[in-house]
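Take a look at the following structure, please.
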Amino acid sequence: MKSKTAATCGVTLALLCSGASARSSVTIFGVMDLSVMHSKGGNASARTISSSGLGASQFGFRGTEDLGGGLSAGFWLESGLNPDTGSGQLTNTNNQPNGFTGGGSLTFNRRSYVSLSGAFGQLRMGRDFVPTHYNIFEFDPFNANGVARAAAFTFSTVGTGNLPTTVVASNSISYWLPPDLGGLYGMAMLARGENASNTGNASDGNMVSGRLGWRSGPFDVAGALGRTHYTSTATLGDYTHGNLGASWEAGFVRFFALYNLAKVQILGGDVRKHTSEIGAHIPLGQVGRLRLSYARLNDRSSSVLRNANGSQRSSNDARLWGIGYVHNLSKRTALYGTYARIANQGQATYLVSGGVAPSPGRQSSGLELGMRHAF
Amino acid sequence: MKSKTAATCGVTLALLCSGASARSSVTIFGVMDLSVMHSKGGNASARTISSSGLGASQFGFRGTEDLGGGLSAGFWLESGLNPDTGSGQLTNTNNQPNGFTGGGSLTFNRRSYVSLSGAFGQLRMGRDFVPTHYNIFEFDPFNANGVARAAAFTFSTVGTGNLPTTVVASNSISYWLPPDLGGLYGMAMLARGENASNTGNASDGNMVSGRLGWRSGPFDVAGALGRTHYTSTATLGDYTHGNLGASWEAGFVRFFALYNLAKVQILGGDVRKHTSEIGAHIPLGQVGRLRLSYARLNDRSSSVLRNANGSQRSSNDARLWGIGYVHNLSKRTALYGTYARIANQGQATYLVSGGVAPSPGRQSSGLELGMRHAF
Amino acid sequence: MKSKTAATCGVTLALLCSGASARSSVTIFGVMDLSVMHSKGGNASARTISSSGLGASQFGFRGTEDLGGGLSAGFWLESGLNPDTGSGQLTNTNNQPNGFTGGGSLTFNRRSYVSLSGAFGQLRMGRDFVPTHYNIFEFDPFNANGVARAAAFTFSTVGTGNLPTTVVASNSISYWLPPDLGGLYGMAMLARGENASNTGNASDGNMVSGRLGWRSGPFDVAGALGRTHYTSTATLGDYTHGNLGASWEAGFVRFFALYNLAKVQILGGDVRKHTSEIGAHIPLGQVGRLRLSYARLNDRSSSVLRNANGSQRSSNDARLWGIGYVHNLSKRTALYGTYARIANQGQATYLVSGGVAPSPGRQSSGLELGMRHAF
């Protein structure tokens, strides 16, 4: 995602609207991240040009207006990009599987909200990342991007592959705590599926979620929990996602730990995935950084879920190793290389992000060599 | 639509093109308007995050270039937004029902034209609002936006629900009178369906339309008329739309009146809708404004048109009441609340914009509480 | 395309990113080109509003960052526009016929790349024009735009009508020679279809191509060659395109010559088209320019390719005459008129760009009167 990188850059423009405060502005920002990728899945392989290996390729506009009296209004429009092909990404209109829309063109699928801020904190209305994603972004050593992202474990296969609210939610209102609470931070979000009350699935796509964290000196720890309602079917049902993350800046190295539990209550059983991840950032010289990660998936889905060959899903665990190096040419531009490997057990077929699908139980791996340019 | 609001704001940039005049510029502009909405349709209801309750959410670029000698060139690119979901809006390629395109992503569906201006007035080529829409936008007290817009009466059901030229037309040329004619203003527009001469529906999508108005002191009055040709079928046919609007600024209150007649000559009959609307804006203090509206639909469609139960369409009238309050936090940002209710008669099923569909003859209502931020 | 025009304009903005060099910038640019068009195809005709008669309508963002030490990073995002309707253009995700995407909305279909430049030249990664297209753009007197573009001969009918890599390629890496080589210039490009190695068409969409030219005083000459692999079917197969172009600035007139050979090896035969083109630009006064072009298509497709009536394809040659006048109102804005006529032989049905399809062997013609505004 790398929205944090982008947030520190951007072309910021004074608003010439008559009567507008001198402290009002609009910013154009973006990230272009492309890499040469070589991936393997079992015996198959592919050489591709890949996107978003270090930071999520994106393009957007945001602005703030000083309303006086400590109040300010703002907006954020952020479009995901696939710069290897010039195409855009899908958004979702109703937080339900039938609401995906976009057809390969540009949408503001990442963020699209208006905000009102003051001493009370911030209120946002529109489309925004869900609380659990903010946690993954912060505490995954690979910031939820590239071949070494562990989120593939959490968000793949039955019941979670097609869930619209794993990363972003539409039709949402959220409240963010003010920044000066002695290290305490957090947010709460409500999102609506917008079905009429007289339909069979009136509550589908309704989400309740929140995040609470505490930052002090070198320590940062946060937990998030969200629940989206779906009427149970063979592939869908109430979706609950909780995670807990922490990081410790030890000077010569920054350590990360992240635990995710994603559960989908499908008809007659549930999908239940525990993913544990640890990692580190090690500065190398003035402009280099080594990134390391190890993640382990424990699939405790109920026995009603079986593989194609009749064996139980619950034996289908997997492990991920990731190593990467980032070389900063400037604050905005970096070269990077990342290698990741997934070892699948049982009938598992997890693959590195953007990789080639392996046969059940076979390995998946990927190497990315790329450049990220933020503006 | 609130393009007027946007037109007074925007980030205006000097063009650094060598040789460009100092009076040339490009402007980035937009409106983000989101609200919490509760709507009812008969016994059903829905709670949603809605868009464009006060001003049409949009995003665009426009610019002008001083060519010297009183001439100037310009362009306008304006994309409609659904910021509750980050999606875009459809445009239409040929002014015919089969020409809608966009797939939920961004298009410059609202305006996309190049212009040449001088003492003679202005010529525009491309996609632009039709003359009758400019009239509705000016003389509807709710500016054709939100639950209280009366346009739902004019543009719903058989023959008009899927018409591409009710609001915007593609493939158009228009001429605008110069601004200094002692209060007289107006425009004329031609648009093409672009079918080849040897096809059965060669003229489908061709439009001729115009608008003429007069502004003097507190009075403003304008009429517009447009006709789009379509070969008659059971749901489509020549579409004629005329309207007449007026406003009177009486100091403590501004009064509005608007009359619309929309007619579609379908096979063996016609759809004919008369909508009369009156309303007012009442300033409350320095930053508040109360908005009121009452509209009445008289459906005089020919007897060949019958409801599902065999009764005649012509008894299916409806009425709309709207009340709203706008609280300006600044020139660019406002909070607002709007309530509207539609009483359907006979088999009519009209609903407030963005609301829940009622059963025939049942009421529809909606309440929006939102924020509009222009940039 | 007219990217050259756009490249000299645009709104260039200093980056306020802390730490960014003073020589870093982001530029907003675009071209809006619309015309009134009257076209004929045999007995049929159409009057339309057309786009891109003089320069390709487009909209984009680009930027560079000075990294120090002679290095610089850059990005380019360029979206094709249809401003007559506000719609966008398709891009392609895998350089194969099944990869077209976009649905009528905005994509960065023209260019989407990140670059790194230095004394060594420039490296680009992403989506960009193919080498043969750069040659056509330079040496077609009508810059590959409008009714008089000869590219319709090269890129129409069996095997080439649906090829994704005729103009732009996705998933590409390219290397550009540095600008100071005594007139020598050139580039090489690799693009990937991104199919996995264990699929039947593993190499489909893989492209290798290059361009080499030499510029000296009034002379400019360049050749380009590209090959994209496709498994042979009845309509598709390995696609080879070579061209050679030259121009000579003789003071009172600039002469152009361009030769194209496009070949597609379909199952059991091949499509083989030779297009020869000559033309001239003649300055008229300070702001005018006359443009002339004559092109001849020699269709040498193998005898296995037959027309609907059983006759051989190889007799289906065609000729194109084009004449146009450009009147510059400023550096950014021009009025223009172009007339072109195609004489089809045998069963050929070539048509002027945007025109009405003629019956086999009948003429096609088109007249455009338009305005191009760059920003």
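Chains here go by letter, A, B and C, matching the order in which they are written, and residues are numbered from 1 within each.
Here, a residue touches a chain if its C-beta (ideal position, glycine included) is under 8 Å from a C-beta of that chain, and two chains touch if they have at least 3 such contacts.
Just so you know, these numbers come straight off a predicted model, no measurement behind them.
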Inter-copy rotation, chain A to chain C, in degrees (Cα atoms; steps of 5): 120
Interface residue identity across copies chain B, chain C - same or different by half: different
Length of the line joining the C-alpha centres of chain B and chain C, rounded to whole Å: 38
Contacts with 2+ other chains: residues of chain C: 13, 28, 88, 102-106
Interface residues, chain B side, partner chain A - complex: 8-13, 28, 30, 32-36, 41, 43-49, 59, 81-88, 102-106, 329-333, 356-357, 370-371, 373-375
Complex interface listing, chain C residues touching chain A: 13-21, 24, 26, 28, 61, 63, 65, 67-68, 71, 73-75, 77, 79, 88, 91-94, 99, 101-114, 116, 125-127, 170-173, 192, 194-198
